[in-house]
Amino acid sequence: MHFASDNSGPAHPEVMESLLRANAGYAMPYGKSDLDAEAQGKLREVFEAPEAAVHFVATGTAANSIILATLCAPFETVFCSDVAHIHEDECNAPEFFSGGAKLTLVPHENGKITPEALRAVVSAEESRGVHGPQRGPVSITQASEKGTVYTLAEIRAISEVCREFGLPLHMDGARFANACARLGCTAAEMSWKSGVDALSFGGTKNGLMGVEAAVLFGPAKAWELELRRKRGAHLFSKNRYLSAQMLPYLSNDLWLHSAAKANERCAELTRGLSQIAGTRMAFQPEANILFAHLPRAVHKALHEAGAQYYLWSGELEGEDPREPLLARMVCDWSIPREKVAAFVDIARAADPG
Amino acid sequence: MHFASDNSGPAHPEVMESLLRANAGYAMPYGKSDLDAEAQGKLREVFEAPEAAVHFVATGTAANSIILATLCAPFETVFCSDVAHIHEDECNAPEFFSGGAKLTLVPHENGKITPEALRAVVSAEESRGVHGPQRGPVSITQASEKGTVYTLAEIRAISEVCREFGLPLHMDGARFANACARLGCTAAEMSWKSGVDALSFGGTKNGLMGVEAAVLFGPAKAWELELRRKRGAHLFSKNRYLSAQMLPYLSNDLWLHSAAKANERCAELTRGLSQIAGTRMAFQPEANILFAHLPRAVHKALHEAGAQYYLWSGELEGEDPREPLLARMVCDWSIPREKVAAFVDIARAADPG
Amino acid sequence: MHFASDNSGPAHPEVMESLLRANAGYAMPYGKSDLDAEAQGKLREVFEAPEAAVHFVATGTAANSIILATLCAPFETVFCSDVAHIHEDECNAPEFFSGGAKLTLVPHENGKITPEALRAVVSAEESRGVHGPQRGPVSITQASEKGTVYTLAEIRAISEVCREFGLPLHMDGARFANACARLGCTAAEMSWKSGVDALSFGGTKNGLMGVEAAVLFGPAKAWELELRRKRGAHLFSKNRYLSAQMLPYLSNDLWLHSAAKANERCAELTRGLSQIAGTRMAFQPEANILFAHLPRAVHKALHEAGAQYYLWSGELEGEDPREPLLARMVCDWSIPREKVAAFVDIARAADPG
Amino acid sequence: MHFASDNSGPAHPEVMESLLRANAGYAMPYGKSDLDAEAQGKLREVFEAPEAAVHFVATGTAANSIILATLCAPFETVFCSDVAHIHEDECNAPEFFSGGAKLTLVPHENGKITPEALRAVVSAEESRGVHGPQRGPVSITQASEKGTVYTLAEIRAISEVCREFGLPLHMDGARFANACARLGCTAAEMSWKSGVDALSFGGTKNGLMGVEAAVLFGPAKAWELELRRKRGAHLFSKNRYLSAQMLPYLSNDLWLHSAAKANERCAELTRGLSQIAGTRMAFQPEANILFAHLPRAVHKALHEAGAQYYLWSGELEGEDPREPLLARMVCDWSIPREKVAAFVDIARAADPG
């Protein structure tokens, strides 16, 4: 019952098979092999973006930081939500890669920023001329860190604010697949067709060992992106092993099917927990992440049964025992339906309500 | 006949098997799994360094840059050879990760720096007080970029210069294994026992898909190293896949056996080419890299036979046809003896002498 | 009637005379002249801090950024108020000089941060281990950007939070003199005796042409501070001209007397405006800055009379005419009492109430 | 007898008078006063460059670093001589301001780089694609650090190499005035008319207290230059005091007359020392700097007479007494002719030859 994170599970068998196949003979290094070209081409095809600059890196932080550094001058500021991964979980990597840019926080609603809040914050940054940071890119996370999903209309509305102020729009798509599966739209619709200029396209949380794609939909800064990847120490000599993961992932909709499975498990978990009297969802789960307020007895029972997930706030000991705990649970593509059911059963049995 | 680089060949079968084994079930992310601890422990054991800080990253540039940034303040300078990988092939990554430190070049002899040259350059940096950069770490490459190997006495002599000036000594060990196999010494002898304070321990060029270890032999800056790895976007969520490569590599001397094979192939290649009248070694090959001046006819024949290697200077067309070309050939652990023999046969047959 | 800023007025005549005196003959450059030593010594004497590292720079942004870079590793975050000058008005200079550190904002109350708010924000930054930025220095502004002044007890309470978490405390003292004059305490009491570790000691806003002192009360990082000043391009070759300003400033309490005059003018302005029906102070003015909500008719009359100050929000045209405007007025040491009286007279005459 | 540096002497009386005049009444801060506009306009007029971006900073390191950061991406390298001030004397400031760019050294001849040497070094930087740094700006120092002066033809020849490779040309003109006076050409001829794109125009070494101009002759990056100045902590609130120095300096050719005087004193010094048997010029002095090999007895006598200059190599004690010492002498605009004569007399009297 492992719900700690979608980076705890195994890689997909098709990915491992592809790796084994790629491990034969010799190949040009540094992304110049046929396999590299094939995987990049496949991503362009899936996104209907034949001109996109596409480069593979090994961590989401790398994808986000290298893209943002390419889009953001060091005297500018990135607009993002106050719970954005780039703000909370990357140990200043965006500030580092950009050479000292700032992050300006937009208060989130349900894990997402609204066009209104964005416009207010961007507007407020305007009056200081040379004294304040200049306005730089806007970054949104899809699916969000709170497990919610921007609708296409919401993305478009945000991109309109960006266009109004002449700012590029970046999407942190560590869980792009989960959001796309949820919306039932195409990859293009959820990205450049809705005004997204640059994308961190995640694979690691959805069945790869460790590959993300840094994508610029326009070709203007393609070479700079490559240089920043190299300078950022993310140009792999044996890049073919990244491509060997990304290629099957993008083929036959594996990325979408895997994400859909994770979303389904999360929906089952949501339904199960929602029927428990003392349990309450903190956000409406729309992808594969669930935040729930749990009665302490429920958490205790789950914990003793070996279930794994993070407490987001509260502690089992030493606090008001009537206060519920806030737990985050994440479903991986590989979680079996039975594990979800078993988890819910334990929770239900322990419910004091 | 693939001699372009030791990053063109496959990963070792034992490494792939270990990856498959690691791909079962769930594991704590971000380097907190049992497998991670085991692989780190194994490296400490191999190096007889129970207190060493050990972290895995995916590229040699990352290992070098993160270590150097940990050792070098931004107002200092790194002393390295004028053909060092950190100077020539990392697109300013050391300058980037360190926040703007300088690299001060020491003229190489046969790819290596001498204690005398180092002392002269370090001394010359002394007279400018606050105006010049301050002296920072010394970095040497073992085996060197020219295929030569520092003896233990040479390393110790350099470390004495470091100690004299109070400077830490870093070893870029992208081909540490090849050098260690050549010298027939222990890993500890070739590193901390000879005065090396920090090591980039390579795996990628010797049979891994993409793993290097960043090692600080003293524990003082262990936490800073971790933070700089994270900030440098090289903390893998699924770190277990790096550990799964490093563990078999370090077990049963696989790292040494693989390197020894590569060295042997290079020695065979050296012997074969040396018997060809017009061919001359540019440096004495001591590990798995060979630089040779080739007659144009020899290069032409090899090229037409599909042999792959880089020309370091000269071009086939448009130059004085009597001038030899300078070629670099690198042997991978996986190169079969027969391929080397076939290569030499072609070269010999084409020799105009 | 110039109330736009305390950086609009002239330098004090004693300062100009000192400059003229200093402009005779030859002096060692780069801060090595007798005059430099004398001015540094004078500052140490005034602060009763014989071991303090003291260096002069030309802008407040330089003093803040060089100090913060010395105190804050690039993977750390600086805690400051959400209206701090270092956050709003330095175009990312602290992020730049620190190599990419973050600023974490503490909500202000009346321009100041409270120990409670600081503790809450610092505590919240604790749970992410290597993923979040590490806790770095705390920076407070005295007098604050809103014209309020921390009491000694308030500074001490903040420094206790710092000590609890092991964080250094920086004071942006661009208007240190105004605050010190207000509190009637010694420079030492308002700084290191209350737990302040580092100080940007302002002169430019209080009668100098352009000199601030970067002060570390402990000697541990004195040399690093010098190197960061040089690397930050703020080591003046003709440093004697900075010292020639600072020396008379610190002599015979000129700094305090000038600040006291500015404070008095501001108090007169406050009293005058407070008697006008529609006018309301946004913050309680305690030094030489005043924020007032003005009826539009009052602003219009002042504007037409040529009075200069900044509107902080609202515009004369195109808004609800019943809404008051928010204006900031700053008194310089040189503002004559008559100008304040004239200003108040115009405002009173225009008051619609 | 103060020949240590041209930053040891006083500011010109006209400059001080201008400062006193500027110190009346109130002025808009941050470079928005009438005086600021006047001084910027004057510089554009002197350079016949009505579109130039012109900003004043307080140190030469600031001018160089802010300009180079504007011209050089962090993944590029600056080409400069191996004795360039930006390489040797700025404590990594160019690396810092540029976000980690590299400096690639071109061997100097008589303190200057030749078009041939530049072309060779720039060409050698070409073969590494994404692995090496990309080619960035070329920077030359006029007059050079060795006291020599590029002819207009030499500057043009270098700018042709720049144009060939598409690289911008920066001139470190800390002693621009001395070189211009030497050549007897116009400021425009020695800069943009000869292909210079950006200029650090020095004032501090030629009679100002501390002002340099950062000049971009093309307007394309004017706003970025301003932002980098602010972020680099060199936007003065009381900028009028910089302008008040620069305005008289540029009026009535004061800058040229002062430099010509310094050059004349240096020529007298050169003539005088050249007549001494054991003394030999290390470089041909063409501006106001002189490097001379001095017999030890001569140095001893000068030293005992209180003459001030730097020994560039050698020490009075503990070396082979027959070896001459290398001394650098610099003439300031303010050095009286009699002091030069007295200096020469002492030297001549002590000459053992």
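Going by the order they are written in, the chains are A, B, C and D; count residues from 1 in each one.
The criterion applied here is as follows: a contact is a pair of C-beta atoms (placed from the backbone, for glycine too) under 8 Å apart; a residue touches a chain by one contact, two chains touch by 3 or more.
It should be emphasised that the depicted structure is a prediction, and the values quoted were computed from it without experimental measurement.
K.L.:
Which contact partners do chain A and chain D have in common?
P.N.:
Touches both chain A and chain D: B, C.
K.L.:
Write down the chain pair with more C-beta contact pairs when A-C is set against B-C.
P.N.:
Of the two interfaces, A-C and B-C, more C-beta pairs touch across A-C.
K.L.:
Which whole number of Å gives the spacing of the CA centres of chain A and chain C?
P.N.:
Each chain reduced to its C-alpha mean, chain A and chain C end up 41 Å apart.
K.L.:
CA centre of chain A versus CA centre of chain B: separation in Å?
P.N.:
Computed value for the inter-centroid distance: 34 Å.
K.L.:
If you average the Cα atoms of chain B and of chain C to get two centres, how far apart are those centres in Å?
P.N.:
Roughly 51 Å separates the two chain centres.
K.L.:
Quick check on chain C: which residues sit in contact with 2+ other chains?
P.N.:
74-75, 90-92, 96, 99-100, 130-131, 134, 227, 230-231, 235
K.L.:
Chain B touches which residues of chain A in the complex?
P.N.:
It comes out as residues 2, 4-5, 7-11, 16, 19-20, 23-29, 57-62, 65-66, 90-93, 96-97, 204-205, 209-210, 227, 230-238, 241, 308, 332.
K.L.:
For chain A, which residues count as touching chain D in their complex?
P.N.:
30, 73-75, 99-100, 130-131, 134, 224, 226-228, 230-231, 235
K.L.:
Can you tell me which positions in chain A touch chain C when the two form their complex?
P.N.:
Listed in rising order, the residues of chain A that touch chain C are 74-77, 88-92, 95-96, 98-103, 128, 130-134.
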